[in-house]
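Take a look at the structure below.
All chains are identified by letter, namely A, B, C and D, in their written order; residue positions are counted from 1 within each chain.
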Amino acid sequence: MDAPLLAIENLRTYFYSRARRAFIRSVDGVSLHVAPGETLGIVGESGSGKSVTALSAAGLVSAAPGVIGGRIELRSRQARRNLLDGLERYVRVKERDGRITAVEKDDRGWRRRAETLMEGVRGKEIAMIFQNPRSALNPYSTIGAQLVETIRLHTSVKGEGEARERAIHWLERVRIDSPRLRFDNFPFGMSGGMCQRAMIAMALSAEPSLLIADEPTTGLDATIQSRIVDLLAQLKIETGITTLLISHDISVIQRLADRIAVMYGGTVVETGRAAEVLAPQAQVRHPYTAALLASVPSPETIRRKSYLQAIEGEVLDTIEVPRGCRFYGRCNRVTEAIRENCAGLEPPLGEVAPGHKVRCWLYPATGKA
Amino acid sequence: MKFAAVRPVSRVLARELAVTALLLLGVSAVVFAILYLAPGDPLNVLLEGQSPRSELALGMREALGVPRTWYGQYAAWFGKMLQGNFGNSIRTGLPVLPELARVGVNTLYLTLGSLVLTLLIAVPIAVHTAAHGDTAGNTAATIGAYILSAVPVFWFGYIVVYVFIHKFGMFPLISGTATKQAQAWLYFLVPIFVLGTASGTLSEVIRHLREELSRVLAEDYIRTARAKGAPVWRHAFKEGFLIPVTEIVSAKIPFLLGGAVIVEQVFNWPGMGRMAWQAAQDRDYPVIMGIALVAAAFVRLGNLLQRVVFTAVNPRASKE
Amino acid sequence: MKLIATIAVLTLCLSAQAAPKSDGRPDGGVLNYSEYGRTATLDPITSNETISLRITELVFNGLVGIDEKQEIVPELAERWEASKDARVYTFFLRKDVKWHPREGEEARPFSADDVVFTYNIMMHPKTITPLKVRYEFIEKIEKTGDYTVVCTLKRPILNALAKFSFKIIPRHGPTNSQFLTREDPFVRNPIGTGPYMLKTVTGDGEVVLLANPDYFKGRAHIDKFIAKPFADQNIMAQALMFNAVDMIVLVNPRNLPEVQGDKRFVLQPYNALSYSFFGYNVRNPLLADRRVREAIALAVNRQEMLDSFFNGQGTVISGPFAPGSWAYNLDVKPLPFSPERSRALLAEAGFKPGADGIMEKGGQKLALSLKVPIEKESEAVKRVVLAFQNYLKSVGVAIKVEFKEWQAWKEDVFLEHNFDVMFASWVFDDSADISSLFHSAEIGSWKNNFGGYSNPEVDGLIVESKLTLDHEKRRTINRKLHAILADEQPYAFLWTLTNYSAYHRKLRRVQIHPYKFFSFADEWFIPASEQK
Amino acid sequence: MRSYVQGPASVGESSQLPLWRRAETIDLVYVGYGLLVVALVLASYLLGALGWLPHDPQAMNVGLINAAPFTPGHLLGTDFLGRDLQARLILGIQAYFLPGLLAITISVVAGSVLGILAGYRGGWSDTIITYFDNLLDSFPRLVLILLVIASFKPDIYYVMVVVGITGMPVIANLIAGKIAFLRQTNFIEAAHALGLPAHTVILKHILWFNCRAALVIQATLGMAEAILVETSLSYLGFGVQEPTPSWGNMVQAGANYFLQGNFWPSTAPALAILATILGFQLLGDGLNNLLEGKRGK
């Protein structure tokens, strides 16, 4: 595998709840990498930290204390740098038996540092699209204007007329109906699907190296969803853009992702090529992934008309993180042999097959995590 | 960002002017009611010092063309007002409208000047607080602004006059056209400085701008703008700044006009405020009616500005 | 003021062409003087505020004038004759007087027609003027020649001559020659015969007057007078201290120490013929009893108030006359300050202190309402009124102070007589005529005897004093009146204040008329060196 | 440099920390100072009402005019009539207390009624009420009050009635806006769907839960404005009349000596006004942040 376009190592992004005077450990040591041209799908229940990981990558986390550790290596054509370079100079962390107990962060200093780091990256190298498109577009200016703005900001095209043509070209590529007319429309006059297409056009018009799609189809009704997924698939083929796709909807991930990372409680519990992770009867599978797949109607379950199983228990409260495996509370494949480990010691993310890692004591690691 | 089509703005203008006309009618009715219900007779200011045997008083009423019944008086006044004749001041005999026009300009100058100053102080504090949250700097500035807007206007005026006299050795009173003092333009600024800072509106302007801008900065489309690497300011400007500023400006004009009455007294400023006080004392009802209407026109003008900006900027509004 | 019975006339000023004054003093310079409040109208007939009267003094002349020694001197009338029965006066007018020229017009000569015109327009029913009441004693004025005028009175009155100082306006002045209303442009842009001509009234109410080159008494020294209106007396005082203005007409008592301390300025006292008093409404049974009124007067320490509120600038009085005037009876001493006598008198009048310390008689508490007009910056009035309340509290008289807005106060006092005690001060013109204050005929709406005081003996004396032509006889009558009123106490007579004007030292030979202020302004001058 | 410390995470989901532990310190300071001022105002009102004053506020010492603070017997000096400033300062708030409350009740109660009518009922009542609001807003505040007083009586209650009436539109717009917002999130339809009677929806859900913070803030601002308006009127001579003391007429009386260099008689009451109004403003801000949730950031 050639060098990854984006490599996230041991990323930590915490928030602070004044109500309970405790850290919300949204992203608690996540390591991921995306190869050029590849689409990595991150899946997991809401609250598993997948969106926060994406936002951290794009440097859009504004709440306190925000990103406090880890590295985000970007190796694209124009920019090769660690987006969190020098973070340690602005953050001092106190740990007690492996758990962070206090954080001191120079917000203003880090924000200035991050701005310089992100120079020419955010919006240019890394583009993002969001969940509810209608509110994500500036209601006070037309779709065309917002597109032209991105083009003139990030591409060599500076002339007004030229940029306008380029924008219309992109509207065509996202298959918006009558793009010349839509160019002068305001967001409130357009449907959710249409807005999302405009968002995608806007993101891609900057010709980014990496597209981060944070729940692009959630919030759209079913028929529109599938059309947007088709569009993304189409664009992936046409542009070969490297994508970081975040969704809680497994069917969307199945459809688009080359590789998959399953996140739970702020950590990656399983990662591997899509085919392996989602294979119907794979022997090696993390209990949480299995439970996730079981709760989604697949042709096979429809054929067997078997009931879908819901995963009992609630989503992990990332404030009181348990000592051992985070899924232990809801795991139904705990055996006596590994119970003691599962309860007391967090399993490492071991490689069970080339490129396929699982964080579970059922499959003790063959290689290093 | 091209403004929305001009047609909706003109529609708003038409509607707004109609509403303004109705409101001015309302204002004149309210003022007339107050004057009519008030005990005492507005003509007494002239009868002072002489015993008005009934026929003399009657003689005077005809002289002033004062019909008997109240609705007669109102109708007469209203009829004349429509042709731009606001009647004559009982005290000075001058026709009211030209006098108000001449004097109104000074008050307009004072009000707008102090409005600009209030914004010059309030905007940086509000924007900084909204953008960077409560730093020591902007909290101190905010509290300082709250203190300034809690200060009695005329007392602050005296402080400024005192400082001007003893520290700068200059007397902050604009002399009339008769004698030209050297830095005359400087003296024009002093009352504006006082009304601009101590008119009691500073705290609310800051609060309104800060709240609106904070709300907008938390909107999704601002996050998209940052994700796009576009300057946040260009996206937040319309909803986060332009509309709140026009809203608070149009809301605060009545207060500034009120403050003007005091500042004009302290600084001997020949404005409408001072005239209003004199007229209220003499119950010079043509002048009071005139001032109420012109002042109401000021306020409606501010409101019109706000409506026009809102419609022009906000696409959804112009489509209604 | 001696009444000149015969025609002996000093034709002081020759009728030569109006030349510059030959008193060797320099002409030129500008006088900025400040006024508190703004002029309404600038003509002598419709204006009823002292600010406007001061300006008309500069712009107009009367038939006769009054000099610093209160003597009657010729002005527009060179000489005059009075008939034996003092009912017909003939005035022989100067021939060399010209009206101020209007733009582009020649200056028109002054003649008898102007005098007749002034009288007629003044008395027209539709003209609204405070002068009607004062000149109702004139029956008619006729012209018997271009420069002779004959006035017939309804009845002979004492020093009638002094009353002929009313200002004469040109017959080509007002647009409406029948009657004068405030809408008439003449009211704002008058022309007269006086030492100064009105040039402009600026946007913010500043009145600019230029010296009249053809003034018949010789051109005034100072080139230009500028009246600057102020809305705030503190600012006005500072304006003087910082040379924004050269003169203040009436210095507020609280600013006296500040101005006194500065040797750049001259503090010139002038006794405006006026006195302050607390007036009683004797319709109230409690106050009908003379002893109660005297008790109140005794309980108030007037000298202490004078010293602490007005720097002692004023004299306590015992009767309704200004101390300087001939009618004041110096033998009648003002009531002393003695709370004990006051309590004794109240007891004698049958009052016993109630539970709350307030005097009671037959269940009725001696609680009186004191009505005072609100004037902006009437801080001196507040001090006197509140001190009055404080003093009376110590003798068991409860005073409820009610500040009323100016119009409402006048209606309460002069129209509805709905008050127990009121505070005010009377300002005289030049004659000591107190008939309108205490004569029982003057009781009624808008009449000056608001207290409803009637005493047949006083009525008789007043009428007698008005009719006698013999000055000495009149003096004794007035002195008798003074004694009775001092005893009857219809008012608690307080004091007469010394008014102070303050002006920059550069102003020389400043003589101030007690009432009209600028009567001798044409004599004032500024040395050449200081005429910046 | 901001620091965050992980406390004992044992606090259960339900028992959130009490409001005051959760709030930003700055908001606590604001509300604290505000409540202190309110307490002082109440205390001085009681002191005044019960008459427990260091000196008789009306007793004049004509020899001791405008005495400086710390003169023997008068801690804060005396005013232009030699009356004790300290006693008058304590009594000075009394002039505002009841009239101020009157102004607040008028604007809050009447304002709410109008707001509800306009927002909830909508239709023609909305247009009429917006017309009425605009009408009241069209008057320059002080000129209208001046007119009423000069025509009727310079009485603090008249002033406060006018201040109350002209304060109605602000609250009416506020509530109508809130209702429009709630309608947008079809909160009101949901409440109806639950079969809640109209008055509970209005009173409990709209007014109490949603608008109470805004109403409290408007009330504090209303009191602040009442004081400032009276002070301005005192300068024009139409404020609270002597001999009753009010901070406004004390500042005015003292200001006459200001330009001559004697600052104290007007500075003392001005500082009192300043501290009180600052207290109301900060109380308003603090409550707003606590009740309406975190600032936008």
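Methods note: a contact is a pair of C-beta atoms (placed from the backbone, for glycine too) under 8 Å apart; a residue touches a chain by one contact, two chains touch by 3 or more.
These figures come from a predicted structure and were not determined experimentally.
Minimum number of contact steps separating chain B from chain D: 1.
Between the contact lists of chain B and chain C, the overlap consists of D. Of all the chains shown, the one with its CA centroid nearest the global CA centroid is B. The greatest number of inter-chain C-beta pairs in contact is found between B-D.
Centres computed as Cα averages put chain A at a distance of 92 Å from chain C.
Put simply, the C-alpha centre of chain C and that of chain D have 48 angstrom between them. Centroid to centroid, with C-alpha atoms defining each point, chain A and chain D lie 50 Å apart.
Multi-chain contact residues, meaning those touching two or more other chains, occur in chain B at positions 39-40, 158, 161, 165, 265, 281, 283. Among all residues of chain D, those that touch two or more other chains are 24, 149-150, 236, 255, 258-259, 297. Residues of chain A in contact with at least two other chains: none.
Contacting chain pairs (ordered by label): A-B, A-D, B-C, B-D, C-D.
Against chain B, the residues of chain D that register as touching in their complex are 24, 26, 131, 134-135, 137-144, 146-152, 221, 224-225, 228, 231-232, 235-236, 248, 251-252, 255, 258-259, 266, 270, 273-274, 276-278, 281-282, 285, 295-297.
Within the complex, the chain A residues that touch chain B are 58, 60, 108, 118, 122-124, 127-128, 130, 132, 135-141, 145, 149-150, 153-154, 186, 188-189, 199, 202, 206. Within the complex, the chain D residues that touch chain C are 58-60, 62-63, 65, 80-82, 149-150, 153-154, 236-238, 241-243, 253, 255-260. Remark: chain D residues 1-7, 9, 11, 13, 16-17, 21-24, 297 touch chain A in the complex.
Interface of chain C with chain D (complex): residues 233-235, 237-238, 254-255, 257-258, 304-305, 308-309, 374-379, 382-383, 385-387, 389-390, 401-405, 408.
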